[in-house]
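Note that the chains take the letters A, B, C and D in the order they are written out, and that residue 1 is the start of every chain.
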Amino acid sequence: MTITARPADRLLDAVRGGAQIYDLGRLLTIGMPQSPNHPAYWLSMPRRHGDMVRADGGSAANDLLVMGTHVGTHVDALAHVSQDGRLHGGADAAQAQTGGRFTELGVHTVAPMLRRGVLLDIPAVLGEPCPAGYEITPDDLATAATRQGTPVEPGDVVLIRSGWGRHFDHEDRRVYVGHDSGVPGVGEAGARWLAARQVHAAGADTIAFECLRPGQGHTSLPAHRVLLVEHGIYLIETMALEEIARDAVHEFTFVMTPLPLYGATGSPVRPLAVVGRG
Amino acid sequence: MTITARPADRLLDAVRGGAQIYDLGRLLTIGMPQSPNHPAYWLSMPRRHGDMVRADGGSAANDLLVMGTHVGTHVDALAHVSQDGRLHGGADAAQAQTGGRFTELGVHTVAPMLRRGVLLDIPAVLGEPCPAGYEITPDDLATAATRQGTPVEPGDVVLIRSGWGRHFDHEDRRVYVGHDSGVPGVGEAGARWLAARQVHAAGADTIAFECLRPGQGHTSLPAHRVLLVEHGIYLIETMALEEIARDAVHEFTFVMTPLPLYGATGSPVRPLAVVGRG
Amino acid sequence: MTITARPADRLLDAVRGGAQIYDLGRLLTIGMPQSPNHPAYWLSMPRRHGDMVRADGGSAANDLLVMGTHVGTHVDALAHVSQDGRLHGGADAAQAQTGGRFTELGVHTVAPMLRRGVLLDIPAVLGEPCPAGYEITPDDLATAATRQGTPVEPGDVVLIRSGWGRHFDHEDRRVYVGHDSGVPGVGEAGARWLAARQVHAAGADTIAFECLRPGQGHTSLPAHRVLLVEHGIYLIETMALEEIARDAVHEFTFVMTPLPLYGATGSPVRPLAVVGRG
Amino acid sequence: MTITARPADRLLDAVRGGAQIYDLGRLLTIGMPQSPNHPAYWLSMPRRHGDMVRADGGSAANDLLVMGTHVGTHVDALAHVSQDGRLHGGADAAQAQTGGRFTELGVHTVAPMLRRGVLLDIPAVLGEPCPAGYEITPDDLATAATRQGTPVEPGDVVLIRSGWGRHFDHEDRRVYVGHDSGVPGVGEAGARWLAARQVHAAGADTIAFECLRPGQGHTSLPAHRVLLVEHGIYLIETMALEEIARDAVHEFTFVMTPLPLYGATGSPVRPLAVVGRG
């Protein structure tokens, strides 16, 4: 028996050559900040070690997980938002959800992502973290891309850092949610800028991705409409972007594998930014 | 403002050069086969489109997710199994689980995986799918690696295909669980073979990874002991391996990002096998 | 300060005079028989004693409960079933459920029950437990009432014992569910007999209350239609009726307090049959 | 066939004679006030009318319920609290909870209650609702009982109204929880007063039953220790007592049927105060 010659695989060679992995997913903990519109994250162990010990001395512990699918770092499937009763592509939302799952635009239809990723670091442009309720403008986005030398290209995953992520671990979880203060992010104009560049997905370091005015909550979500409904661009929320910003990692291989929850409107994810060697 | 020259990134270049992605995760559906030892998978929409329509015509749907963490395609953290009251590394299991979460060996400590992966296709060796209750031997494993030309190396993720995965979609979900029939997989000897090769993680197309004798259920799980407890090697279960076997993809870039469920014993995952171009 | 004379309360006097309480609710355990149409019952302790001990030596344990509302012994609210798109009283079902809860006919509108209860013991009429799939006839019901000397009166809660409850603790939970075998119960004719007597609620010792034909499952549920939709009569399912039958308790005070789960279609309950002294 | 003469049943006669039922359970709604120590209440409809319509035009809706067992109006089982590692009766708490359920002191061992109930209306004594953090004294309790003419007797269920229940529906759910403000209730002395009277259970219109000092949360819960651990007296929390106070109903038949959640530390309940006619 002979060992057959394996064909070259540049990707595998690059992986084996060494790569720096940045974790863009938030740790999931009970009590973490999340929108009250979604079921709270909870985890419990039905079985602990010692509860049932086998004859050979072995024992297992396990968990019961309860959560909304738009809690922690997560991706919005296209089924998540409708406008005037229509989903992306024009499907009737009421009809599409019959049966309690979205056969067509559910999160199980979101293909795993292995793509070029670009971080647009807005605080680096502004000279400070985006203030509460600040609307990130197309100019801000363009300036970041230009200064970083990372033009946005079709098919990219673009991550927009507002700096708001520094509040995620605040002892008062309402600070990150920011209902009263407002939260920074893009508005309709910024969303159109992204759509015009035909990005595949867009992410942010906030719960709702887009600019929330003080005290307004989710009364108006134009970026969701533009990106999810009009253009079929996925949204990724509650991302951890501090570390890649600190290391000035503006271009990278973006990796994300949504759970194939059949028919669901979103999924918790743990996205990665991977930097290979030259 | 000038565009700075970006340094070369072989990984990103390879990704942009095109890659074939194989999805190794099972679709998560209500009623799918799972072990009765773990909480059943359930998904429900608290809010559907039309329930609350904003003034601007926008509406959102969302989900409530309930499941065990060892349900569907999933990874076992080292905290999952103990032997004689000890976890991997010797920690006292009872103490480690105080507080209802594993600070040290919980699934949040499982780093995202971007590594060489090897499929060991045992039915290709045997000339037929492994029979129910069949124990895959070290010889089977070694023969597969040799015939395929894919020697197992330290740090690899090794996926062992028994062929049992063809039962996953059987209309009688008990067939795949296989309590009465038994389920094929490695035993203690096969586990030692893997451990000797210092693999990083090992996966299979069955719920329990290892050989289950007919009617015995989980009364004895020696491979869990050898791999998780003695050697700190992660296990991945309920994988979809039919497609890569069909395409004879025996070596690939393995990608897996467990959810960082703080303190949990496992996580649902959607692993990928990625094949780059030459 | 003087003790004011308390007015007589015949009810309280009777309670204090002693009463025999029969528990008609099934123990809720993980793995108990239930319909696969409803989320499985699961219970887990997020916190156990010793997880967090206060400075004074006190410690608490608590639970996370997950279940369908039509699991274990439970009551069906009128919102549970619709016919041709209409709920009891003619409300449009699609409209009534907007928002994900039933404001009008949800289980929170089911008043606590403290009423005359009547057990109709059909096996006592037939001379044996009702066979699988047996349809209990109006004659069976009338004969039981007559022989027992317990005529059914308007406002009563009528409990129909088929004898099927003896399977509840069978080691194979599918026996009680009875999909293949069929399950005994009333059909449309029996339901009309109950409705004609203007009962307030009707219960049974089976999951689905009514007669299920072998292998048919829930393809046709005429008694639900007649009782819930046409007549606004509540249904109580999966009851434990063996003990009152054994003691020949055919008339009693029926007590039931559904949980006021706002907008839900049902609630787990623990109904009682109480027998006072003469 | 003759109708046998039925023996007299004073209880049933009293029930049929008419009784006023007061509902002491809070409506269970998403977002209601609850302790953050317990899993949040959530309800969702997996199936709505129209999702699956049978050939005959029938359709059903159902629910998925997720909650802690100490959420909403609920009863504490004796297993809920331990002191110095011991449960009521001296059992070792760590051992008793092995297996993830309390075989001995779980809530399934709490018998349904049909007993004399007494409301002690403390605001009626004080002339105003108890202030935040106020400790209800034995004198307050004794004065209420005397003024009302309702002495507390062994076996009674005693409900202590502080007036705090008026905050339950406050738009800011933190007001009722009262972490910063403190919450009124009995302290160790009041608990000993109840224990000395050998009551069967004690309830209150607050989440934690007992006096919480401002900003202290649950750092010290002496009444739980005295009543649950030392004396085996059940606690009922988050009760709705405004209506019986308004109607000056101080003595009544108390009805409560905890769900027999096998091995759990508590259960949601819907207790009743029933007043019969003279």
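Points worth noting:
Just so it is clear, a contact is a pair of C-beta atoms (placed from the backbone, for glycine too) under 8 Å apart; a residue touches a chain by one contact, two chains touch by 3 or more.
Composition by chain, UniProt nomenclature: A, B, C, D = Cyclase family protein.
Since this is a predicted model, take the numbers as computed values, not measurements.
Two chain pairs, A-D and C-D, are compared here, and C-D has more C-beta pairs in contact (counted per touch definition above).
A separation of 42 Å divides the Cα centre of subunit A from that of subunit D. Centroid to centroid, with C-alpha atoms defining each point, subunit C and subunit D lie 23 Å apart. Looking at subunit D, residues 30, 39, 42-48, 50, 64, 66, 100 sit in touch with two or more other chains. The touch graph of these protein chains is complete, with an edge between every pair of chains. Interface of subunit B with subunit D (complex): residues 30, 42-46, 48, 64, 66. Those residues of subunit C lying in contact with subunit B across their complex are 31, 36, 39-40, 42, 44-48, 50-52, 66, 98-100.
Touching subunit C in their complex are the following residues of subunit D: 1-17, 19, 21, 23, 25-30, 37-39, 43-50, 54-70, 72, 79-85, 87, 93-94, 96-97, 100-102, 108, 111-112, 114-116, 146-151, 218-222, 224-225, 251-253, 255-266, 268-272, 274-278.
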